[in-house]
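Multiple structures are listed underneath, in structure tokens.
You will see chain A twice below: alongside chain B first, and alongside chain C after that.
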Partner chain A sequence: MEEQDQMQSSIEVEEVEEQQREGKRLEEENVVRFLDSLDSYVTLLDSLSSTLRQGWLELASARQSMGASRINGALLDLKSHSAATSLQVTHHDDEILNQPHFTLCKWASSKNGYGDEKLRENKLQTNSDGPQLRHRSQFAEKIPETKGAPLIVDDQVQKERTKSLSMFGTLVSPKLRAAQLSFETALETLVEIANVRLTMLSTSDQVRKELEGTEG
Partner chain B sequence: MASRAQIHTSNSALIAMIADEDTVVGFLLAGVGNVDLRRKANYLIVDSKTTIKQIEDAFKEFTTREDIAVMLISQYVANMIRFLVDSYNRPVPAILEIPSKDHPYDPTHD
Partner chain C sequence: MYGFEALTFNIHAGYLEAIVRGHRAGLLTAADYNNLCQCETLDDIKMHLSATEYGSYLQNEPSPLHTTTIVEKCTLKLVDDYKHMLCQATEPLSTFLEYITYGHMIDNVVLIVTGTLHERDVQELLEKCHPLGMFDSIATLAVAQNMRELYRLVLVDTPLAPYFSECITSEDLDDMNIEIMRNTLYKAYLEDFYRFCQKLGGATAEIMSDLLSFEADRRAVNITINSIGTELTRDDRKKLYSNFGLFYPYGHEELAVCEDIDQVRGVMEKYPPYQSIFSKLSYGESQMLDKAFYEEEVKRLCLAFEQQFHYGVFFAYMRLREQEIRNLMWISECVAQNQKSRVHDSVVFIF
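Up next is the complex of A and B:
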């Protein structure tokens, strides 16, 4: 009888220790996820700074070759127009993935039927627990599955780029085109930063709650 | 049977900007500029003549618009309205502080 009681109590002690180990493991996982996201955040910001510096330099070179009066804020189009580059925001309603996710849609024109949607998922996000959603343009079904389809899409993208450049004139410096590409790259980095920041803030909250729970 | 997580997607959300001229012009070249029928733009160019009130009003407007998902703000501009920026705590629109040409990014302020 005493032996049975001893066995029962040792089993209970083992279970409690197992739960504590499991809790500790989850806490450490959250800390590691937070540190990973923080590292990614800092690295992406550094990359963004370099890309922006390049874009500003190219813009300055374009201004020098085209003239300061041809590249300035006063020329910006204040007539009603939609953004050609936008974001898709996906919300998950479960307990684990309760943060939004941003996806960049570059040069997706709503005017024509063959809008190209260059979707850039955050590569770092692919390492997270989130499901990998493949977003398709609402016009994708209209693009025929022929050899010419990618060329049509590229043409549309070029048209959108040219339209964006046209606010500074018909003939523009190659440096202005280069600046446009640099700022497109900067946009992609910024969307990654936005997603990583959300992960960082979410894991930071979890770590803080666990620490408060431990102290209390 | 396990329940599926509901996934809601909103399309064509905008990127707003409060930054210096070169930064705004650069991102407008990348196609993010939007002007609605009331001639309201999704950006504010900050220069030496821009007042703190104008920046505050733009920040408040962009953070309350439902069609804006991300707001870019130059860090030196964010420093001018730091109290307002730090008191903002919603996930969307996400506020991203970015470096500017004349003011490199300082992580201690972010």
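Up next is the complex of A and C:
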């Protein structure tokens, strides 16, 4: 009888120790996740800064090439028109990721329904190796092979890009197109930053709660 | 010598040629640009420019300065020089000087029409117009709905009227039509200016035909590159090329079918005067092409001053000043954006 009690208590002790180990492992995971998100956040901020600097310089270069009368704020279109790019906010029902998620829907026209929303979402979700500055060729975007991504998106996206630049004229310098791509990349980076920031704040809260729980 | 210009030129234009050569001496040198490139702020640039001919135009500008302010004030210097020369000039020099401003007039017309299409305020658009291209009824452009009205209401009484014969349609103005109108007008203007210079004859015809041919060829290349990947058809593209220049007519045939920058390079390299431009660029690169063209243009403009008794010096001075203002704009932008390492990407030294 005593042996059975001893065995029972040792099993209970083992279970408690196992739970403590599991708890510690989860704590460490959260800390690592927090540090990863912090690293991604800082890297993305740096990437955004350099992309914006590049974009502004390319815009100045385009202005010098085409002339100040062709590139200036007075030519921006004030007519009402549908947004070429929109931001969608979705909420995950996951217990772990109980936070909103931002998705950029670029160059999606309400008339034809084409857009590369899924492309952007796939890129954001598979961005586990850390943020990287995307480099695109001037006139064709090399979209990685993804399930259900039609090649016709290339032409449509290019048309939408050209349409948005048309306020400066239809025959614009390649420098202006390069500036457009830079600002487009900056916009994507901003959305990534928002998602990473949410992750960072969420994991930071979890780590703080665990620390407070440990101290208590 | 081409004719007997030396005997009669100074009677009517000797004073102004002396004036313009004096202005030429006031252009910024490489030492000035080196000092400007080392400036940390726009106020430093203003301080360095205070010792130049731009000093009086910038001295009353309060801090903080903006890059557009520097460009506007420097442009005023160019406008004052031009107006002084114009009011002193007699025919045919006065007509020649007026021709130099028609390009700016075309740009202003397109700016007003495009801005109106985008529902912008006319006053705001007028402030952005180039001062050399202003004319009395320019604000009335805002009421036109198509090119026929544009011509009938406003442009029929301007020097641009003869250039509109190929553009007049009743189609409503949209971005593509405006772009085609811009380039068609500019083509007609260049051809008209070319014919006028040929009529003047002598050294003026010889020197100006070289400068205007280069301008026409550069336009053809820029139109080709800018229209790659757009909806502009090959035929429409070819219609925008001027009917003179080194590329006319066979180079234009080849440029019209180019689909990328390397094909354009292939066309240009067949013409020895333009081989040196592309030799500075690597394959597939187009970013430095503008600078290469500007450098070639500056070289030709400086050579115009090597001869006397022709009107080309006036054209060359105006273009060199405009290049100088572009340089100042680029330097100001690099300083304002804290990107001084890129300042030499687009600065073209004149001397």
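Quick note on the criterion: the second predicted complex is superposed on the first by the 173 of 216 C-alpha atoms of A that agree within 3 Å, B and C clash if a C-alpha of one lies under 4 Å from a C-alpha of the other, contacts with A are read in each partner's own complex, and residues count from 1 in each chain.
Just so it is clear, a contact is a pair of C-beta atoms (placed from the backbone, for glycine too) under 8 Å apart; a residue touches a chain by one contact, two chains touch by 3 or more.
This one's a predicted model, so the numbers in the text were calculated from it and none came from an experiment.
Bringing the complexes onto one copy of chain A puts chain B beside chain C with no clash.
Touch criterion met: A:Leu48 reaches chain B, while chain C stays clear of it.
Of the two partners, chain B and chain C, it is B that touches more residues of chain A.
By the touch criterion defined above, A:His91 lies against chain B but remains apart from chain C after alignment on the C-alpha atoms of chain A.
Residue contacts after overlaying the shared chain place A:Trp56 against chain B and chain C alike. In the superposition on chain A, contact is made by A:Glu184 with chain B only, not with chain C. By the touch criterion defined above, A:Leu198 reaches chain B but does not reach chain C. In the overlay built on the shared chain, the residue A:Asn72 is in contact with chain B and with chain C.
Taking the two complexes aligned on chain A, the least Cα distance separating chain B from chain C is 5 Å. Touching of chain A by both chain B and chain C, each in its own complex, is seen for residues 56, 60, 72, 76-79, 167. Here chain A touches chain C in the complex through residues 53, 56-57, 60-61, 63-65, 67-70, 72, 74-79, 139, 158, 162, 166-167, 169-175, 178, going by the rule given at the top.
Of all residues in chain A, only 42, 45, 48-49, 52, 55-56, 59-60, 71-73, 76-94, 97, 99-100, 102, 105-108, 110, 133, 135, 138, 160-161, 164-165, 167, 176, 179-180, 182-184, 186-187, 190-191, 193-194, 197-198, 201 touch chain B in the complex they form. Listing the residues of chain C that touch chain A in their complex gives 68, 71, 107-108, 110-111, 114-115, 118-120, 124-125, 127-130, 175-176, 178-179, 182-183, 222-223, 225-232, 286-287, 290, 326, 329-330, 333-334, 337, 339, 342, 345-346.
Across the complex, chain B meets chain A through its residues 5-15, 21-37, 39, 41-42, 45, 69-70, 72, 91-92, 94, 96, 98-99, 101, 104-105, 107.
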